[in-house]
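Supplied in structure tokens, the structure appears directly below.
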Amino acid sequence: MQVKKRVAVVGAGMTKFMRRAQETGKELAFEAAKQALDSAEMRMQDVDSVALGSAPDAFDGVHMKGEYLLDGAGGWQKPYSRNFVGGGTGVFSVIHGWWHVASGLFDTCLVVAEEKMSTCLPHPQTAFLTIFDNMIERPLGPNLIWIFALEMHRYMQKHKIPKEQIAQVAVKNKRNALDHPSAQIAKAVTLRDIMNSEVMAWPVQRLDISPVSDGACAVLLASEDVARKITDSPVWIDGVGWNLDTTYWTNRDLYFPRYVANAARMAYGMAGITNPRKQIDFAEPYDPFDYKELHHMEGLLLCRKGEAPKLTKEGVTERDGNLPICPSGGLLGVGNPIAAAGLMKVCELFWQLRGEAGKRQVAGDPRTAVAQAWGDLMQIGTVVVMRS
Amino acid sequence: MKPATPEVSYKELIFEAALEAYADAGVNPRRDVESFVCSSEDFYEGTSIFDEYVPDQIGGVQKPVCTISADGIYSLATAYMQILTGLFDIVAVEAHSKASDIVNISPIYDLALDPIYQRPLGLNANFIAGLEMNAFLHSSKANLTHCNRVIEKNRSNARANPVAMDTTHAPVSRARVLSYPLVMDDVAPLADGAAVVVLAAEEAAKSLREDPVWIKGAGWASDSPTLETRDWDRATYAALAAKQAYRQAKINNPASDIHIAEIDDTYSFKELQHAEALGLCEGRAYEMLEQGAYDLRGELPVNPSGGSLGMGHTLEMSGLVRAIEIVQQLRRSAGRHQVPGEVETGVAQAWRGVPTASGAVVVFSR
Amino acid sequence: MPSQPQGTGLKEEDFEREKVLTVAYQPLAKYSWATGVAISRFLSGLKAGEILGTKCDHCGRIAVPPRIFCELCFKRSAVWVKLPDTGSVNTFSISHIATDTTRLKTPTIPAVIEIDSTRHAGFLHIIGEAKPEEVTMGMRVKAVWADPEKRKGSITDIKYFKPIK
Amino acid sequence: MSDFLRIEGDFPVHFRYTAGIAGENFLREIKDNGRLVATRCNNCQLNYLPPRIYCERCMSKLEEYVQIENVGVIQSYTVCTQDNEGKQLAEPVNVAFVRFTSAHGGLIHRTSGEVCVGDKVRAVFKDKSSRTGSILDIKYFEKI
């Protein structure tokens, strides 16, 4: 398939990720947007369009929060719109921006993702009650951890994965995040720390979960001709994919995220990737919980079903391994302001593929990488393939 | 559209609209439709991450489906962009309103106000519409009689539109003041409904039907979201969105190049303000209204469907209702409210309501 | 890569000591969702002590929770079928936290119950009358119904599912 | 219609909004000094009121605060009859959008009594002791 315009990332920005930010959501969005503009030495007046991603309004506590955030995100008197695909939003925001430019309608698009979860009390988790079916699930008093626990347990049981192998992901990502200047809680943990942490909803323990967070990220996209004027080292978005499975999650087998695989196949098809394990140099799969990284490596077809824990155990997914996974530190290490956390993964691809990731830089001059997010009721996969 | 639909769930309401749209387009969603774009806001649904709940009833399971948190015209523009990339040939757009599931809309509108600067005042969000209406009446020569005429025109048009909810026959009254000068009758009443539109790339469209209606341009824009720093005497967001759409559609003189318009009339004065922003008059919109130019049989019919004032306000679906009306008018299949004469080019416009300064415009041609 | 990411992190004490200004707000949005044809009938069925599903007359798949359409064929599926109130555990968890993350004295055991005579169709519910360590995947379970006079047309008209011993 | 069941629900959460970096400075100036401050964008020559840490036009970071003279002009006004839940207010409330000549923006607040477009007004603050760092530390605008 012929895409009308090739699209590049030419700048990226990111705030600190914090448990509670003093900044308003608008101010967080601005800080990230400003950095993205500055990193590309672009002025706002040179930007044609703005795409925003943010997860539920019940976090920030503002109805139509896309409208509320728009001035901080640079949307003043611009074509501006907000996409929303739950936890998949962060990576999807780049896809949303991508079609602004790939369509030929705009030369540039500023993509901003923001989340301010600390506004929501008594705990942001409480808002997650309202993601369940209002007619037949909410009356049971569910919480968000349930669906993760149910999915994780099914995955473990299907492939007979011991909990320790899953916890290894949290050890790796929290260690990787020590090198990330935006990380919320940069703290190394041991396998024992995780296995001894409080049980939330078995098999999910406290340290299996990424920290609740406030923050924002931004990237600047440009069409090929414009990108080459802006920078000598654009990073190309060569594949995009997204896929939404049925709402009826209790009618599916949760052990494998087939919607992620569908989205990956779509993105790989565009990017001409036929053997992802060989052709992809590193990956940033979505890791709000440790098992999700493994689940998503399999969904991204980077290994066989059930094989991801083995690769992790063998060190293949370490930053200096053969297939680095979440060299940023991921959501587990850096923090999880939902939409911003997804876009953070795309920022990481940008910095890594330009060789600008500093202490986090993966070895061996990476050329091709994939970022992925996931969300809704274990339902959506959003995938972006980027090349230097 | 109806004031309430207690007999169906939102999923069932949307399913019926989807069935109808796919039959009209002659497509099988499971086989032919490659991408789906939905429109919703969580607080209108009472569900967080509402995009979870959309794929099944539109045929989108395990397909590229996304939600744009905006009016359906934004989603239409999104689908249009998706097709322009070359990625897809057929894309479906969905929007709906289950306003009758909302016990009371006021606390939801309140949640849209700035929490630091406006919400502490404790006033109904329609005070912003009152302020905007007063600013508009002061800066233009339009008066309350013109607002009444908009209401009467749109209610009258809606009576010929079988899709519209039942409209009152009572004369317009300015007795029930919400926020002076805004009265109850100035406000479009909420309604339930669902809409699905199928877009196709040129070749695919030609193979599907003989009389496709073409999207010639789409635009969307926002003025400052902060009440204090936006333009108060005109709808700059609508003017910017129209400029973008007209540029693509190569429309230089909208007052003559456009033959029919369906524009946002969430509040009566907004129709006049939006008509001016879209360039649907040479001088002021109220003059055109006085001359009857905007009537169903006028030279540039505005809201021949009855608009939201006549049909009912369907939250994020309102703009898509406007767009569907233009498609039907251009196909000459609007029935009793078909406008006379040769209509070749039409424009549909949406506004996201108080307190936003955001909206979208789409231009259609036969 | 920016070396100095921006942001001002606060501690909970900063709020308690009023180091920063805040506005407190209680959202008052309320909803009354029309459950529609399919879920009304499903809930009415529960009130009567029955689990109802819908069968797609195109592909033959039985769906529960029921819907008026088959999302895979995109056809109306209007054939109602009465299903047994037994099934098996597809997956489960042992939850120590409530919706607001406060800790529970006694854990709840949420599970996806696959209802018998369907192919992997089921719904979220709770396991009862079982010790956490006794619950296994694939375990056979049966609905325990609320007393008929206490049923109100809700998913909670099934109190929980208990192991079939 | 009794065949069709309804299920009730809401959002069982509450919110705590920070005023933000610029909002904090703005509200503290009112609380501590009874003054209105804006942030200045030297690039666009605009003084943002209420202040913000960015210029929405050029996306410059704004760190310079300037005092705004407490003399505004009514840009528009309304008389609101309902509260934020849609209930009838005991007394209708006069509200206006007030612009300030040296600022880009203005404030939306109550007025004491009726006003007309073009009227000159000033903000009347609560007694210092009863100010809490809220926009309600301004009691209302009154005609000069």
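A, B, C and D are the chain letters, set down in written order, and residue numbers restart from 1 in every chain.
We take it that a residue touches a chain if its C-beta (ideal position, glycine included) is under 8 Å from a C-beta of that chain, and two chains touch if they have at least 3 such contacts.
The model shown is predicted, which means the values in this text are computed figures rather than measured ones.
Trainee: By CA centroid distance, what chain is farthest from chain A?
Mentor: It is D.
Trainee: Pick the pair with more C-beta contacts: A-C or B-C?
Mentor: The greater number of contacts lies at A-C.
Trainee: How big is the gap, in whole Å, between where the Cα atoms of chain A centre and where those of chain C centre?
Mentor: Each chain reduced to its C-alpha mean, chain A and chain C end up 27 Å apart.
Trainee: Distance-wise, how many Å sit between the C-alpha centres of chain B and chain C, to the nearest whole number?
Mentor: 36
Trainee: Centroid from C-alpha atoms only, then distance chain C to chain D, rounded to Å. What do you get?
Mentor: 43
Trainee: Measure off the straight-line distance from the CA centroid of chain A to the CA centroid of chain B, and report it in whole Å.
Mentor: Here chain A and chain B have centroids separated by 33 Å.
Trainee: Give me the residues of chain B that touch two or more other chains.
Mentor: Residues 6-7, 9, 43, 46, 48, 55-56, 61, 104, 107-108, 110-111, 115-116, 119-120, 224, 226 of chain B each touch two or more of the other chains.
Trainee: Chain D: which residues touch two or more other chains?
Mentor: 4, 6-7, 9-21, 23-24, 27, 52, 56, 84-85, 134
Trainee: Residue numbers in chain C touching 2 or more other chains?
Mentor: Counting only residues that touch two or more other chains, chain C contributes 8, 10, 15, 20, 23, 25, 27-37, 39, 43, 67, 71, 99, 154.
Trainee: Within their complex, state which residues of chain A touch chain C.
Mentor: 13-23, 28, 31, 35, 39, 61, 122-123, 125-126, 129, 132, 134-137, 139-143, 145-146, 149-151, 153-154, 157, 181-182, 198-204, 214-215, 246, 248, 250-254, 351, 356-358
Trainee: Using the touch rule from the top, collect the residues of chain A that touch chain B in their complex.
Mentor: 1-5, 24, 55-58, 61-64, 66-71, 75-87, 92, 96, 98-100, 102-105, 127-128, 130-131, 133-135, 241-248, 258-259, 262-263, 266, 270, 375-377, 379-380
Trainee: Can you list the chain B residues touching chain C in their complex?
Mentor: 5-13, 15, 22, 28-30, 43, 46, 55-57, 59, 61, 98, 100-104, 107-108, 110-111, 115-116, 119-120
Trainee: In the complex of these two chains, what residues of chain D are touching chain C?
Mentor: Touching chain C from chain D are residues 3-19, 21, 23-24, 27-28, 84-85, 133-134.
Trainee: Flag every residue of chain B that touches chain A in the complex, lowest number first.
Mentor: 9, 40-43, 46-49, 51-56, 60-70, 74, 77-78, 80-82, 84-87, 108-109, 111-112, 114-116, 219-226, 236, 240-241, 244, 248, 352, 355-356, 358
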